[in-house]
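Attaching a single structure in structure tokens format; questions to follow.
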Amino acid sequence: MINAGDTTFILICSALVMFMTPGLALFYGGMVRHKNVLATIMQSFIVIGLVTVIWVLWGYSLAFGPDVGGVVGSLAWFGLKGVGLSPSPDYANTIPHQAFMIFQAMFAIITPALITGAFAERMKFSAFLLFILLWSTFVYSPLAHWVWGAGGWLGNMGALDFAGGTVVHISSGVSALAAALLISKRKGYGKEQFIPHNLPMTITGTAILWFGWFGFNAGSALASNGLAAGAFVTTHVASASAALTWMLAEWMHHGKPTTLGAASGAVAGLVAVTPAAGFVGPLSALIIGGLAGIICYGAVVAKSTLGYDDSLDVVGIHGVGGTWGALATGLFASTAVNPDGANGLLFGNAAQLWVQFLSVLVTCIFAFVMTVVILKLLDLTIGLRVDHEEEVRGLDITQHSETAYSL
Amino acid sequence: MKKIEAIIKPFKLDDVKEGLTEIGVRGMSVSEIKGFGRQKGHTEIYRGAEYTVDFVPKLKLEVVVGAEMAPQVVELIQEKAKTGSIGDGKIFVTSLEEVIRIRTGERGKEAI
Amino acid sequence: MINAGDTTFILICSALVMFMTPGLALFYGGMVRHKNVLATIMQSFIVIGLVTVIWVLWGYSLAFGPDVGGVVGSLAWFGLKGVGLSPSPDYANTIPHQAFMIFQAMFAIITPALITGAFAERMKFSAFLLFILLWSTFVYSPLAHWVWGAGGWLGNMGALDFAGGTVVHISSGVSALAAALLISKRKGYGKEQFIPHNLPMTITGTAILWFGWFGFNAGSALASNGLAAGAFVTTHVASASAALTWMLAEWMHHGKPTTLGAASGAVAGLVAVTPAAGFVGPLSALIIGGLAGIICYGAVVAKSTLGYDDSLDVVGIHGVGGTWGALATGLFASTAVNPDGANGLLFGNAAQLWVQFLSVLVTCIFAFVMTVVILKLLDLTIGLRVDHEEEVRGLDITQHSETAYSL
Amino acid sequence: MINAGDTTFILICSALVMFMTPGLALFYGGMVRHKNVLATIMQSFIVIGLVTVIWVLWGYSLAFGPDVGGVVGSLAWFGLKGVGLSPSPDYANTIPHQAFMIFQAMFAIITPALITGAFAERMKFSAFLLFILLWSTFVYSPLAHWVWGAGGWLGNMGALDFAGGTVVHISSGVSALAAALLISKRKGYGKEQFIPHNLPMTITGTAILWFGWFGFNAGSALASNGLAAGAFVTTHVASASAALTWMLAEWMHHGKPTTLGAASGAVAGLVAVTPAAGFVGPLSALIIGGLAGIICYGAVVAKSTLGYDDSLDVVGIHGVGGTWGALATGLFASTAVNPDGANGLLFGNAAQLWVQFLSVLVTCIFAFVMTVVILKLLDLTIGLRVDHEEEVRGLDITQHSETAYSL
Amino acid sequence: MKKIEAIIKPFKLDDVKEGLTEIGVRGMSVSEIKGFGRQKGHTEIYRGAEYTVDFVPKLKLEVVVGAEMAPQVVELIQEKAKTGSIGDGKIFVTSLEEVIRIRTGERGKEAI
Amino acid sequence: MKKIEAIIKPFKLDDVKEGLTEIGVRGMSVSEIKGFGRQKGHTEIYRGAEYTVDFVPKLKLEVVVGAEMAPQVVELIQEKAKTGSIGDGKIFVTSLEEVIRIRTGERGKEAI
């Protein structure tokens, strides 16, 4: 039976999660050089259009449709066939099925958008569109099915992922690594200075992400109840604490607390708490976030040593942060918080940590391999990268015939 | 006619402008430049990476005056723009062959 | 009886719709030259203030007050007299009457704000304020009554307009045409280049519009139920699909996919689906949006040929898009989706298309004529336009004594 | 018993209020010179992190924990001990206790952030952090307890403060005055021109504040009902009317209506209606807001005469506006609107105005004295202010080693 | 070789540019400057406080041409940039010792 | 004393700067300009309308050096700023009558 309170909750949360992707566009857009800001924003913005169409046609069906051997959904729900306005028996049975579908759509949208930070400032727009099309179909949908789909094998295995630590963050972070390695460095990387062109834009994006993330995590309770409130609180607390620790780590390391550091920390905290949100208490969230700020800062700093050019640190924040979060869920999860969850290592259940570890491992391998395959394919056919001349003049003019600012 | 170009610290503009007006200079043009020199720039930190930005924002003042007035103008700018610390800037003097006021077509001194 | 879930829904949706007008301010503000950005933003921002006051005093009463011959509401509710905190018998009876009133207020605000795009960069601020005052009173309120007011004749005629295709978009689009023709072109139009001064600002505005539009369309269900979920989904799908098709049309036509094109398409899709949102299914929305992207792109390109200076394409996007949406509702509407609706041509009911056509026609004529009258009146009295010198120096300094940026 | 509709309402309102603080960051950030924009934004942004941690650990307990003599809460709820997912007996008993806690957290965050406008462009970041830590603990928490805490003495005295006129606005406004006086003027104040570097940023911030304020005021009904709807409406109406009156006052006084004026007016209206929102009707709100626009404009203009450098007019808008609002509540409050409230002077109950006056007085004295003590302490130990050279080069580079724009 | 610097009203750029191209000038450089002079600036109002901004945005045109062509160029700019109202700007002429085209290393006339 | 103005492609600044420092130039000033010349601009598309933007962003370098050093500096800039493709820019040389260091009042060579 449809509950008005729950339906309101999921619809508004869907709107909030939708708003995150333009937020991401600003978060990323502010960090690139001004000649690439529109192209960077566009890579997030157009994903909303493209993935929505994919999702309605086949993506949702592959992810949540009738299970096929635990690995993927069937195409029975192609074009949302049978996905109506009354609740689904399998998912969130107090809200219209389409409400659940559109809430999930917003997750399917932002995940590939996250990857774009890795190959910012150098990818060909046409190749980019095809990449998203293939990645969404062959990486996101199956993965979502494994973890959240009725009958999905990772879910059945007992892996805990409240709002998408593996499906969203690890998958995008690992794919980002693959992409950064394959598409190689930006021209002048390490020699020229890549200074963010508009940090207030990045902070604005961060604020929108934080705001939307409440819908992302609390909404994943799929009903408006204590669990939702708990997830809301842990989300906020982890983000706050990570913003502080990243800033402090940088302060100690470089002698200055930066605004971008605080913003990056906030996002790292949100990433880390995502899988844990509904399974841990506020104090655990404080610790998960606090450590996320430090771990992700370390990962971002390590990048320069490792020498790949992950332009906007998708690996360091989403890959590493998501992994930490998934494992942390195996440490801090407590049935006292969520009876439908499980206990983590700290509450006497070492097995859970092992399950979490497996789900991370599986996700990493699957996402990495698939992304390599897709990108190789595109590289050999149409080519991934703009030519040097275009890269120097910037993607805004060469890919889109636009300039961002005429001040 | 002389053209006096002065590169100064931005926050000194008002003092210099006042000074010039007082001694009867009726116009000038100002543009923003990046200066490189003995004065060193600053460090910026992004995502834990340090960048040294070695230019310093300066203002470039261009004042055209009659030859006889030039020394006085140079002196005044030097005095007003001076802080005594590295980076105060330079003054360059060139001679102009001709000056025209677009509005009236006047030439030479009348044009200034 | 007041339902907490429905009340939450309408209040939050009201907040979302309110947020759309500043979003519009950014959407428009980014497209003008930097010397006019504040004036453009102000024209949307101050409308929130002005129309709210009008609405509370007489606007709401004229639109939704006791019916007078089907054409307008009486002044019985002047100053919200009798508009209290318990549900109204006539409108949305599970939420406080004031919740319905304020939700409608947000529609009354954004509609005239939409028109401002047509005369951007050249209208006198004083004349602008009077225009809004008169237009809101003599065009918006009656029109809203005809379609949504209890006893309104267009509503009684059976015209379907779920969230304001006629009342909001056609009325503003047609008024925009009248305004563009009357106030004539900007100085240098066709000769100088009018390049958007800040496209990231425009994209940010687009994102806020999209985000708020969920409140606009889904909220128009006036309760949190399957219908609301359905409207939410069709809204998102149409916008996504239009963003893609506009971009593709431009890509084919000019060889480059632009960011502004994708954003414009998204808005066109939102406009087109507005009247249809609660009457059609997701796949119909996909088509309605997809065609909206192409049709509106065509309309915008046609402008240069037709030779009027509708600065920010209100006619091409809201006028044409709204008209397409109203007619599309007559094609794609289905009682299978909404039993309280009707079937469209494609579902065997040609009559509905005819009714839709009539409502469009009536709206066009009424809005056009009234706008011409109002503007002529103002032109003859205080004058509509700033003088040449002011136009060259820009409206920010000459109308508001401010400059937008000191970077 | 938990009500899904109410829970949705408070959770979404919490998200809205959280969003206000980044909104404030933009509102303030746009008004400073570009060399200080990041530092200004950071002062709001990092407060989200810092105060959240404080709140979870001891702040909430001090404010809402078991009453100790009416003046403060005990530390019994340290670390949210006993603050769970079921409703609290003392507060908002239809939503999870943690939902109430996090809603209140957002108030605790924005209040100190408001003060930052007073010492913008010259305060040392380290001193700033300590100031927030101490102010939040020793000023905000006790004050919140007095007014809203179960057993708080001001609340018991019958003072009406629906959403924080005294606790949030007067306390921050008065502390701002103390801070402006103690830290003294910016270098060049009165001589150089302090022109806002990015007004569109300020308008964007205003829009976010307005949007979030619906959560702030309507959410303070703590349930989704008629009262919430009423508070929502009065909030919007007061803001709209104040935006108009400030603009008109300026128009008459200086001959030009400014965008910043309209935005400032909107905020002033929101401030003034905050304590009254749930106790007055829409027309009273129209008057309260209308007068707020004029009074606050006067207060801001008066500043130059009084000669203190309250950089971004926290005193004139929040201090004066909050005071006007608290007293206005004593004038316009009506039990016809809210039976749990009281009647104001205009409804025959002069006593209420007296109580309001007392609560204002007490708040002013307490906040002023405490702030002076805290700042003196910091000044004598680590120093409050950056040195001249740093102030000239700007806080962004000297405090954070960042530059906002590289366009 | 002569270097002609012209300070003009921004909206006159297109006219001047066209004119120059017509008489065969193949290149020029333009930069934004703040001008101070007889033309007075404007007033800005923030939070009820009035500020007088006394500079006026102008464009500075730099055209290098052969000596023989200079007078014609000066005349053309003066005519095209003229509105007749205060603030039309100035034209300054200096003589250059050398011009080099970076791409080819050509010097003198060939370099222009 | 000579003043050497060079109009170069923006991304060449670092190379030129390094080169100049190596040969002992201790300071320079850089400003952004819009260049018009043989190198053609680009097309922009807004709402289906095409605009040709015919200026190209360039950097203008100003280096003041002693007369004897000028040729070497010119040569170096020409070599470092060269890409061989249209739009590499120009170098202009003028002679200065006087140079003053504001900080010290030093004149001539000492001032540089």
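To keep things simple, chains are lettered A, B, C, D, E and F as they appear, and every chain counts its residues starting from 1.
We adopt the following convention: a residue touches a chain if its C-beta (ideal position, glycine included) is under 8 Å from a C-beta of that chain, and two chains touch if they have at least 3 such contacts.
Because the structure is a prediction, the values reported are computed rather than measured.
K.L.:
Report same or different for the chain E and chain F interface, where same means the shared residue numbers exceed half of all residue numbers found there.
P.N.:
Different: when the shared numbers are divided by all numbers used, the fraction is under half.
K.L.:
Express in whole angstrom the distance between the two chain centres, defined as the mean CA positions of chain B and chain F.
P.N.:
18
K.L.:
Please tell me the distance, in whole Å, between the geometric centres of chain D and chain F computed from their C-alpha atoms.
P.N.:
Centres of chain D and chain F (C-alpha means) sit 52 Å apart.
K.L.:
Which chain C residues touch at least two other chains?
P.N.:
Within chain C, the residues that touch at least two other chains are 3-6, 8, 12, 195-196, 198, 204, 254, 256, 258, 260, 401-403, 405, 407.
K.L.:
For chain F, what residues touch not just one other chain but two or more?
P.N.:
Touching at least two other chains: 31, 44-46, 53, 94-95.
K.L.:
What pairs of chains are touching here?
P.N.:
A-B, A-C, A-D, A-F, B-D, B-E, B-F, C-D, C-E, C-F, D-E, E-F
K.L.:
Okay, in this complex, where on chain F does chain E touch?
P.N.:
Within the complex, chain F touches chain E at residues 2, 6-8, 31-38, 55, 58, 60, 74, 77-78, 81-95.
K.L.:
Which residues of chain C touch chain D once you look at their complex with the stated criterion?
P.N.:
2-8, 11-12, 14-15, 18-19, 22-23, 25-26, 29, 37-39, 41-42, 45-46, 48-50, 52-53, 56, 79-80, 84-86, 95-96, 98-99, 101-102, 105, 125, 198, 201, 204, 399-407
K.L.:
Flag every residue of chain C that touches chain F in the complex, lowest number first.
P.N.:
Those in contact with chain F are residues 193, 195-196, 250, 253-254, 256, 258, 260-261, 264, 297, 300-301, 304, 313.
K.L.:
For a test of understanding, state which residues of chain B touch chain D in their complex under the given definition.
P.N.:
11, 14, 42-46, 53
K.L.:
Flag every residue of chain B that touches chain A in the complex, lowest number first.
P.N.:
Listed in rising order, the residues of chain B that touch chain A are 44-51, 53.
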